[in-house]
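Structures follow.
Shared between the two complexes below is chain A, which pairs with chain B and chain C, respectively.
So, the complex of A and B:
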């Protein structure tokens, strides 16, 4: 019996970690190229989740189109954030801390947009979008909602890795993540690369926003879940997307076990302590990629 | 330098996370200033003495909007009826509404402002215990009575056992509600081993869980799992998995509307096929379309009214026609709270002062409302023994089972 409970908690953790992984990779992607912590990714996630909610709730669109609307909204909002908030600072060769402060400001600004439009109350996707269904594996149960998150996460990573490794734009993004100036000197249009990075990050943010909105509920503060992405990025190593993804899944499992053992109230304290210890002892995360400067 | 930068960011993130974990809506997420809502149309010219101003302290845009707005709607309907009939002593009633967004600091500021600036002499309070607890000591200073639906005993009774002088509850307190559903579970459903899942940061949830646990244990039952969560939690599967492993006969979850659909869905997904005992917050989010009906069968919860009673059905129809939303328990008990206020105003005649209104509320006058005969006790400032309806959910819709009191079934 205890083994089954343990296994069920692992499944619970993996389900949670899959959503965290999507958030964390979208967040870490921008960090890799521009070397700052993009908390505005949370705002992108929030706007996308509400865009999906509107078409699901008011236009009664089915699941796949709802997800597509969320993904596309994420890409558009992410590009707008880059153009409005970050480009000018980059062109002025502003310090990294300016990017960081601006990203936090954008997160708050996008939250306010949602509050103005929807109020501070919560909303739910209609249950008809994805009726509660489970797969039984003996005594274990796996939710269809979270299974969908896991499958879509794996598909999104596979596509992302393919783009980064096999396509010209992906190779250019990787080059930019190593050295933006050198990439520019090689004749690559850096502006386009950065926009492309924000598009990919926004696509992932949109997907994670809709999936998280369906499995949890919607509130204008939904974007603050990006903090989990930040924690996973610190633990995994901000330079490594694979490290970040693995750390995010591990974080989900760890969180579930902490809630089951020490309770929900103390869990965030332990997780933040762990993050601080990582920063002090191994700032490059367990994937081992380090940067000389970051914010 | 690198470590320092990251530590600085971590510190900021931690601060943000702590702010996010706070039970109330952060003040930074909405404009700090709250504006009174528009007063209802006044059909006749006001008398020289002017309108009678009634404060209304509700969450109009936060996480408890679903329940709190119901109180505003009920009061608005009542005011329109009274004003259309010429008001009270020729004076029109006017509701001065402030949006608290479920934030206790906003609520304290709003209560102070409506008393000192708007000069209201009585206030219609919210169905939010945390706010009731915060307002109680302030009301001792400002001396303006609040009649509300805040269920926690601490909202109306001080630690000394004496009532807060200016706080009055117009529905059953948490102790009575927790006791009624626990008694029903033991005596009618025959449960012995019970699990409890509640929000340890929320007075409403704790206030219901404690008497429930006490009554279960006093009746020979056993609490075999007691799990808690916090106000920002969205994933309850870690707790529900432990609960399932403990193999209880039933699960009690006195939760807020935002948590209810998530708990239902996740419990169903984990295969927790046992009676689910809820609180009076189950509607509207526990019903369809917010929650899949598949997850809500086998639910029982205490409710202030039986919505299928003909008199209530008519009023609910008027309510829905006007506000385009279904009337819930807080609509009816909110109407009763407002009715108690109106009765006190009528009794005071020309002297609509907070002193006179407080004295009237303390007289224990009976009020015939939707919930039955509401008689406020002078020693607790809570209604004396109101039976409640036990409800269940069938195909996503609420269905009446029986009237129940702590002593057992009640025939009305």
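So, the complex of A and C:
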């Protein structure tokens, strides 16, 4: 029985970790290209989660369209944030701190939008969204929302991998992550690549938003889970999306176990402490690689 | 033909180039030499659209160049920048694909073959991460990547920097070959003044953002001022 509880926890952790991985990779994509911490990503996933909630709750749309609405909303909001907030700073060649401050401001602004529209209370997706609630695997009872998170995350990452490795625009996003100026010397319109990066990041953010909303609950502060993406990115070694995704999954599992043992009050404190210690020991993260210039 | 006319440019409030005039006829090799900080890279970067023009103009076949770097590339002016700036986390092959971003898929294939024939080592390493290659190999990749776009005018910023003599001779041979066989126009910025001047059709010496001496390459090699200030020093440095 003990083993079953453990397994149950692992599955819960993995599915939470999967959502964290979506958040973290969406966040890291923008970081890699523009080199600033885009906390507005939290706002993007918050708006997306509520967009899914509106069509589910008021229009009674079924699961798949609800998720699609969330994903697409993510892309649209992410691009709007880029155009409205970040682009002009970039054109002015503003310092990184302006980007950072603006991204935090955008997170708060998007949160306010949700508070104005929905109040500060918690909401949840309609009970009828999922016909089947759990499935039984032997003695294990697995919540369908958890499986959904896992499966959709795997699909999303497969598509992402294909885009980044096999399409010209995906390779250009990776090139831009290495060197934005050199990218422009290839005849590549970097404004377009940056928009493309925000689209991809927003699609992932939208997906993570609805999934988190469906499997946990919704409040206007939902966007603050971008912090988990930030932690995972730092732990994973910014620059390596694979490392970031793995760190996020590990973080999810770890967090579920911590909550089960020391409770949800202390968990964030322990996580932050461990992050700091980890970075002292291994500042480049799990998978961080750095290329040094060769003379 | 590329014409730089009374060009002033620089960074924010600092002006680095103070009224440069340079003419680059089609199919020629133009060399620019000058000390560290003279403004050579600033000149190339202004032509490439990375540094804003403050006043004056840059004309390609009589027409003003577009203002954004990617449009300048599509008009046929390609820069191989100082320090190579290859994409370290991309493979060799992906670096070349980026170099040929604007060309059609069928051209991409033939260009890539051309680059691989020129630098067989790149073909061997096609799927290796570029950042793991040696400095010389990275320079070949940077040149190859520049060739991918099929440039009309190729801007080379110190391609021999940090290379062993054997390898930089290869680089200079390649520059001559591109010029002769593909009729590519070349603007070459170099510290190895004596080698560069010998292959130049015409050359400029830059000092503090101004052209102080100009003339046919072979004449500059014999110029006592150039000899004293650049050739002696360059030889000693090597």
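By definition in this document, the second predicted complex is superposed on the first by the 286 of 295 C-alpha atoms of A that agree within 3 Å, B and C clash if a C-alpha of one lies under 4 Å from a C-alpha of the other, contacts with A are read in each partner's own complex, and residues count from 1 in each chain.
Rule of thumb we're sticking to: contacts are C-beta pairs under 8 Å (C-beta built on N, C-alpha and C of every residue); 3 or more make two chains touch, one makes a residue touch a chain.
In this text, all values refer to a predicted model and were calculated from it rather than measured experimentally.
Student: Just checking: does A:268 make contact with chain B only, chain C only, both, or neither of them? Give me first, second, both or neither.
Tutor: In the superposition, A:268 contacts chain B only.
Student: Any idea whether chain B or chain C touches more of chain A?
Tutor: Partner with more touched residues of chain A: B.
Student: If we overlay the two complexes on their shared chain A, which of chain B and chain C does A:189 touch? Say first, second, both or neither.
Tutor: second
Student: May I ask you to decide whether A:115 touches chain B, chain C, both, or neither, giving the answer as first, second, both or neither?
Tutor: first
Student: Is A:132 in contact with chain B, with chain C, with both, or with neither (first, second, both, neither)?
Tutor: In the superposed model, A:132 contacts chain B only, not chain C.
Student: Looking at A:177, would you say it contacts chain B, chain C, both, or neither? Reply first, second, both or neither.
Tutor: Touch status of A:177: second partner only.
Student: On the A-aligned overlay, A:220 touches which partner chain: chain B = first, chain C = second, or both, or neither?
Tutor: Only chain B; A:220 stays clear of chain C.
Student: With the two structures laid over each other on chain A, which partner does A:64 touch: chain B (first), chain C (second), both, or neither?
Tutor: Neither chain B nor chain C is touched by A:64.
Student: With the two structures laid over each other on chain A, which partner does A:91 touch: chain B (first), chain C (second), both, or neither?
Tutor: A:91 sits against neither chain B nor chain C.
Student: Intersection of chain A residues contacting chain B with those contacting chain C?
Tutor: Chain A residues touching both partners: 291, 293-295.
Student: What residues of chain A sit close enough to touch chain B in their complex?
Tutor: Answer in residue numbers: 1-2, 4-5, 8-9, 12, 15-16, 37, 97, 100, 104, 108, 111-112, 115, 119-122, 124, 126-128, 131-132, 134, 136, 141, 143, 145, 215-217, 219-221, 224, 227, 230-231, 234, 256-257, 259-260, 263-265, 268, 272, 275-276, 279-280, 283, 291-295.
Student: Could you please specify the touching residues of chain A with respect to chain C in the complex?
Tutor: Residue list for chain A touching chain C: 168, 171-172, 174-175, 177-179, 181-190, 239, 289, 291, 293-295.
Student: Which residues of chain B touch chain A in their complex?
Tutor: 2-3, 5-7, 9-10, 12-14, 16-17, 20-21, 25, 28-30, 61-63, 65-66, 101, 200-201, 228-230, 233-235, 237-239, 241-242, 245, 257-258, 261-262, 265-266, 268-271, 285, 288-292, 294-295
Student: Looking at the complex, which residues from chain C come into contact with chain A?
Tutor: 48, 50, 68-70, 73-74, 78-79, 81, 83, 85-90, 94, 97-99, 101-102, 131-135, 138, 145, 149, 162
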